[in-house]
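Structures are listed in the sections that come next.
Two complexes come next, and they have one chain in common, chain A, joined by chain B in the first and chain C in the second.
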Partner chain A sequence: MRILGGIGRKLGSAALSLAILITLTFVLVHVAPGSPVYQILGPKASPASIRELNHALGLDLPFWHQYFRWWLDLAHGQLGTSYSVERPVGSLIVSYELNTLALQIVSLVASLLIAFALGLAHGVFYDRTPGRIIGGVELALYAMPSFFSGTLLILLFSMQLGWFPAGGLENLRLAHQTVASNALHMALPCVTIVLLTVPVLSRYFAQSVHEELGRDYVRSAAARGASPSRILLHHVIRNALRPLVTVLGLSLPSIFAGGVVVETVFSYPGLGWLLWRSALAQDYPVLIGIVLVIGILTVLGNLLADIVNTLLDPRTGYA
Partner chain B sequence: MTGVVLSLRQLGVELAGRDGPRLASNMAPVLEGLDLEVREGEMTALVGESGSGKTIAALAVMRLLPPGARITGQALFGGEDLLGLDERQMRARRGSVGMVFQNPLSALNPSMTIGRQVAEGHRLHTGASAQAARRHAVDLLGEVGIPDPARRLDEYPHQFSGGQRQRVMIAAALACNPKLLIADEPTTGLDPLVARQILDLLAKLQRDHRMGLLFITHDLSLVERHAQRLCVLYAGRAVEWGEAPAFFARPRHPYSHALLAAVPRLGQATLRGIAGTMPDPGHRPHGCRFAPRCPQRQDACTRAYPPPVGDGRTQAACLFPLGEIPVAAALPEAPAATTPLPGSALLQMQSVTIRYGSRAGLLGGSKAAVAPSLDDVSLELARGECLGIVGESGSGKSTLGRAILHMLRYEGRILLDGRALGDLSPGDRRRERRRVQVVFQDPRESLNPRLRIGAIIAEALQLGGQHDRDSLRRQTDALLERVGLNAALAGRLPNAISGGQAQRVAVARALAARPDIIVLDEPTSALDVSTQAMLLNLLRDLSRHEQLAYVMISHDIAAIAWLADRIAVLRAGRIVELATTDQLVNHPRDPYSASLVASAPRLGAATITVPGEA
Partner chain C sequence: MLDATQQPVRIGASSFLARLLQLRPGNATLTAGLVLAAIILLASAIGPVLYGRDPYALHTASVLAGPSAAYPFGTDDLGRNAFARLLVAGRSTLYVALPATAVAFVVGTLYGLASGLGPRLLDQALMRLLDAVLALPGLVVLIFFGAIVPLNTGSLILLLGLISWPSLARLVRNETLAQRDRDFVHASRQLGGGLAHIAGTHLLRVMAPVLVVNFTFLVGDMIFALSALSFLGLGVQPPHTSWGGLLQEGLELVALDAWWLVLPPGLMIFAAMLATSLIGQGLLARGGSR
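Coming up: the complex of A and B.
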C-alpha cells in the first residue's frame, strides 16, 4: 500500500511538470521564425494557396485558440495530423517508436553484457596493469562522440566493405519499413550506441566493484576462508550492481527517445530522427506529440528504476 | 608447550606509506618484534591505543593485510608457520583461525541473509549440504543468544540491533569450528551493558569450545575479568606482557600505569591523562618509544630500546620500571564531599516531550505514531553544576541535549533563568541562545575543515559582536591557552592536529561565546584513552574556575561519575533515576541504573591481588 501511495504522488507532480513542458514547447515553436506552410509549398507558392493552407491547418487562428484546441484534442485522444506526411501523429510516433525501441533494446542488452564483463575485470584489477589498460580503453571510447564513431563505421563497413547499408529511409513520405526489414540497418547504429554506452556503464560498474571489494564484509568472508571467486560471485556482484541499476534507470528515457545524433547519422527511422525531421519541417503536431510521449516515457522510466532499486535493497523492506 | 594454539615469534609488519608509490623507502614499520602466545581455552588480550599496531598484528596472522605489506617473523599455529604457507593453503586455515571484527554492521554483507552468512563457513570447511548448514546455523545462532533463531535466519543484517549483529558475526566465525578466535575490538561502539554481555559470551564460548581467544582492545578494564594473559603494545612494540592477574596486581611499565590511570573508574578521584601523542610509524624515537611522554624518563632511555625486565610472570621493556608502586596508591579514593548546590536553577526543563515523525521515504512512509524520543522529562541545572545524562543508544539522551540547545521542537517548557526562550524578542532570543553552547562527539566533523583554528575561534567571537582585529587575536590566543593549547596552533587546519587537540579547539570555540552552560555530547568517546583523561581534567578545571555548568551526555557512566555532581539515568525517553553521583554510584535505587553501574569499571577491581593465583 505504501508503495502505491508513493507512486501516486510521484505521478501527480510529473503530470504537472509535463504540462508546463508542453506549454513551453508550444510557445517556442510559435515564436520561431518561418512557417510550416512555406516548408510544405516551397518558395514559389502563391499567396492565395498559402492563405488557403494556413486556413486548412488552422494556423490562422490566434495562438490561444490553437493552444487550447490542442489540449481539447488530447482529451479526445487525438494528437493531430502531421503537416508533412499527412498521417495521424499518434500512429506516426508509434511506428517510429517501435524502430527506436528495437534498436535501443538490442544495443542495451549488448552494452550490458559487454560492460558487465569489462567492468568486472576493471574493478577486480582496479589499481593493477590490466585495470589501467581497460580504464584507458574506456576513456578513449568515452571521449569519442557518436557522430564521429558513426561516420567512421559507415566509411569502413558500408563504403569500403559494403557489409551493411549506410542508411535507411531518406524521406518520410516513402512507405514505412517494418522492424524486421530494419535488422540489417540496425547493425551499425547498434555498434555506435554500444561504443557510446559501454564505457559509461563499465566504468561505473568497475568503480562500484572496486568499492565493494574494499568493504569490511569482504574481509569477513575472506576470514571464513572464502576464495576470491566465491567472494566475487556470492558477495560482491549483487551489491555492486545496485548503483548500476540507478544509472540504467537514468538512461531509460534516452532508450525510449532514441538518439537524435545516431539515428540521424545512419538515417535510421526512429523517434530521434523523426524529431529532427519534424523540427526542420516545422511540423508542429509531430514535434509536440514527441515531446509529450518522451515526457511520459521519461517519468515511467524513472519510476521503474525506483521500484527496481527498492526491490533490490533489502533495507527498504520489500525484498 | 602443550595447549599452545598460536605462538607469535618476532612478528614484524611493514606497510607502505599512505601516499606515494610503494617504494622500499616508503615502507614504515608498524609492528616490530612481537612475541605472543595464545593457549587452548584461554584468553590473551592484546591491548593498545589506535596506532599501536594491534589490529595489524591480527591481520598479519590472518594474512589479510593489504597487498604490499611486508611480514617478518613467525606465526606458529598448531606448529605450522602460517606466514610460510601459500595463499591456497592459507585459505584452508582461515576459519580454523577465525576472526570477529569491529563494527558488525559493515562486517556483514547487507544484501545476504544472516542465515547464509553464518552457514557459509560451515559449508566451505565441511562441504555440508545447504540443508545441513542451515540447521547448523540455527544451532549456532541459538548458542550465541539470538532468540528464535529459526525464524530470524532469513532476515538481513539491518534488521538486527548492534549487539545482535556482533552475536551473528561470532556465530559465523564459530561455524568454521575455529581453534583460535581473534576478536578485534568486538565491543567498541556497543553500549556498555551489551559490551559486557558480548565479552561474557566470548569467554563462555572459549571455554566450551576449548578455543584460544585473542582479544584485541584499547580498554584494559574490559579484559580484567576474563584475560589469562596479556600484552600491552605502544607504537608498534610490546611494552609489557605476561600473565594478566600478575599484570593487574603489579604493572611495571610507566605506560601501563598511565593507561590504567587514564581510564575513569567509579569511585576514582584523580584521573591522569598522558600528555603528548603517540609517534607515527617512521617518526618513532630511537630508544624507548614512550620516552617523550614518560615521567620516569632519564638520558639512558633514549639510547637503545630497553631490554625486558621482570620475572617469570610479567615482563616490561623499561629501564626504570614502576613495579613497586601499586596502582591503588596512585589513585586515591574519591572524597565523598559534594558541594551543596548553590542558588536558584539556571536551566529548567518542565515536562519536555519530543516526538520525531517517521520520515516518508521515496516510495512513501506511514505516518504511524512513534513512541516519543523524550517522554515527559523534567530536570533542573544550577549555576556551575555538572549534570550527567547517561543511557544507552536510543534512550533519548542526545535528543535531550538537542532540546536544551533548542535545536528541536518540543512540547513542555525549557526555561533559562526562569524565562522561556519563545517569550523573548528575536534579538534577545539570539543572545540567550548563545549562553548555551555545545561540544559534539566528533570534533573533526564539527570543525570546518577549511578554516584555520584561529579563524574558527575568531568566528565564534565575532558572533558575539566583537570585530576589532587585535583584540580578536589576543582573545583567540587566550582561549587556546585556557584549553591548554599552544597559541601557535591557531595557524593550522583542523586535520593537521590530533583528535584530542581538535576537541580542545571545540571547547575553546564554545567558551568564546562566554556561555553559562555547555552541553557535552559524548565529548570523549571519539578520543583515545590517554586523551580522554586529559580532556576530562580540562573540563573539570574549567568548571571550577569559571562557574560553568555542564550537561554531559554519555554512555560511559564512569566518565560521567568522575565529572558530574548529579546523574540522570535515561531509558526509553524517560528519566528512571536522578540522584547525586555518590548516591547513584553507591546505592542505585532503580534496577536499570544498578545494572549500568555494575557494568562500569570500578576502582579496586584492578588492584585486588591474590597471592599464588594463576
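Coming up: the complex of A and C.
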C-alpha cells in the first residue's frame, strides 16, 4: 500500500510539472516579439485584414479566455499550423519524431551494450591500470563535442573513404527507399550518438559496480565459496543495474528531442533538425509544439522510470 | 599508489606550485587541467595581440589554401587567415562563456539557498518550478530563445546564464538542507544571526569546495552550450566568430576536404572541455568532496 502511495505522490508531482510547463509555454507565446498575424500576413497587410485574422485566431479575447482556450486546444491535440510549410504542427511533429525514434532506439541499444561491457570492466578493475585507462578514454570521449566527432566522421568515412553518405535519410537516386539504404544513412549519426552516450552510461555503471563490489554480501558470498563469476553475474550486476534505470529516465529528454546537434550535422530529418529549421525560420507554432511535446514525453518518461525503480526496490518509494 | 602513511614525493621548494606537482593521482589530473586551461586562456587573451594578423582581411589570391609558413592553419573560402580567426574566436567564445557562467552560478546559488533556508511552502514551490524547468533539455530551450531574442554579446550571456542554473540550484538546496541543522548554524541563530548572515558567512563557506568543483564543470558546460549554439548559427553572430561558428564553416566546406578548417576549432573546444573536466576531477580526487 505504501508503494501505491509513493506512486500516487509521483503522479501528482508529474501532473503539476505538466501544468507549469503548459502555462509557461502559453506565457512564452504571448511575450514572444512579433505577432503571429504579422508573420502570416507580412508587412503589407491592411488594418482590416489584421483585425479579421486577430479575431479568427482569437487574439482579441481577454487573457484568461485565451489561456482557457490554450488548454482546450491541447486537450484536443490542436497545436496550430506551421507558418512556413502550412501543415498542422501535430502531424509535422509526428512524422519527424518517428525518424528520431528510429535513430535514437538503435543508438540506445548499441550504447547500452557497449557501455555495459566497458563499465563492467572499468568497475571490476576500478583502481588498477586497466580501469584507469578506461576511465581516461571515458573522460576524453566525454569532452568530445558531438558536432566535432560527427564532422570528423564525415571527413573520414564519407569524404576520404566514401563508405557512408554524409547526410540525409533518403537516397534520392532510388525510386523506392530500401531498409538497407536507410540503414546506411543512419550509420554515421548512430556512431556519433553512441560516442556521446557511452562515456556517461559506462562511467555511471562502473561507479555502481565498484560500490556493490565493496558491500558485505559480496564478502559473505565469497566466504561461502561462490566463484567470482557467479558473484558478479548473480549478485553484483543485478544490483548495479538499478541506478542505470534512473540515468536512462534522466536521458529521456535527449532521446525524444534527438541530438539536435547530431541531426543538424548530418541533416537527418528528425525532431531535432525540425527544431533547428523552425528556429532559423522563426516558426513559433512548430517551436512551441516541439517544446511541449518533448516536455510532456519527458515528464511521463521520468514518471515511468520512478515507477519501475519503486517496483525494483520498494525502499525508494518511501523517500 | 601511495598510501596514507607514506609522505608524498617532494619536488623543488615547498611553494604552491610544488605542492600541485606532487605526483598523486588527483594532483596529476589537476595539474594537467590547469596547464591546459592556462594555454587556452593565454592564447585567447593575448594571442590575437601577439600574432597581430588581421582575422578579417581577405587574401583573394590564396583562397582555401592549406597550412603554410604564411598561413599556419591555412585560409578559408574567403581567403581569411584561419589561425588569426581561431585566436579571435577563442576570445569571443570566452567573452560570452565566462560571464554567463558567473550569472548561472550566482542565480543557482541564490535560488538553492532561498529554497533550502526558506519556509517549507516556498521550498516546495521553488522545487516544483525547478522540476518543470529541468523537464526540458537545456539545448532545446536555448534554441527556442535563440530564435526569439536578438542575438548579441549581452543577450547571449543572459540567455546562457539564465538557462544553465537549475542543476546547481538543486545541488545547493540539498547541500543547504544537509547543513542547516548543524550546531554551528543553530549557534549562529541563537546569537541573533539572520538568514542572510547564516547563508553568506557560514553555509557558503562550508559549501565552498563543492561550489568550486561545480563552477569548474559549469564553465565546461557553458563553453559547450555556446559552441553548439554558434555551430547551429544561433550563437555569436558574424562578422564576429567563435569556435563553434568556425567549425560550422568547416563543415559547410567539408566536401572540399578542407580539414585544416575543421580540426583546429574542434580541438580547441575539445581541449577547453577536457581542461575543465580534468580540473573538476582533480579537485574532487584531491578534496574527496562532492
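A few notes on this one:
We adopt the following convention: the second predicted complex is superposed on the first by the 223 of 319 C-alpha atoms of A that agree within 3 Å, B and C clash if a C-alpha of one lies under 4 Å from a C-alpha of the other, contacts with A are read in each partner's own complex, and residues count from 1 in each chain.
The definition used in the following text is that a contact is a pair of C-beta atoms (placed from the backbone, for glycine too) under 8 Å apart; a residue touches a chain by one contact, two chains touch by 3 or more.
Everything numeric here is computed off the predicted structure, so don't read it as measured data.
Look at A:A223: by the touch rule set out above, it reaches chain B but stays clear of chain C. Contact with neither chain B nor chain C is seen for A:A15 once the two complexes are overlaid on the shared chain.
In the superposition on chain A, no contact is made by A:L184 with either chain B or chain C. Contacts of A:A143 after superposition: chain C is touched, whereas chain B is not reached.
Looking at the shared chain after the overlay, A:L61 reaches neither chain B nor chain C. Considering which of chain B and chain C touches more of chain A, the answer is C. Of the two partner chains, chain B is the only one touched by A:R238; chain C is not.
Look at A:V109: by the touch rule set out above, it reaches neither chain B nor chain C. In the superposed model, A:L280 makes contact with chain C only, not with chain B. Those residues of chain A lying in contact with chain B across their complex are 2-7, 9, 215-217, 219-227, 230, 234-235, 238-239, 242, 306-307, 310, 312-316, 319.
Of all residues in chain C, those touching chain A in their complex are 1, 128-129, 131-132, 135-137, 139-141, 143-144, 146-148, 220, 224, 227-228, 231-234, 244, 247-248, 250-251, 254-255, 257, 259, 262, 266-267, 269-270, 273-274, 277-278, 281.
Per the touch definition, chain B reaches chain A in the complex via residues 62, 64, 91-95, 98-99, 101, 103, 106-112, 120-121, 124-125, 156, 158, 169, 172-173, 175-176, 360-366.
Against chain C, in their complex, chain A makes its touches with residues 13, 16-17, 20-21, 24, 28, 32-33, 127, 139-140, 142-145, 147-148, 151-152, 154-155, 159-160, 166, 253-254, 257, 260-261, 264-265, 275-276, 278-280, 282, 287-288, 290-291, 294-295, 298-299, 302.
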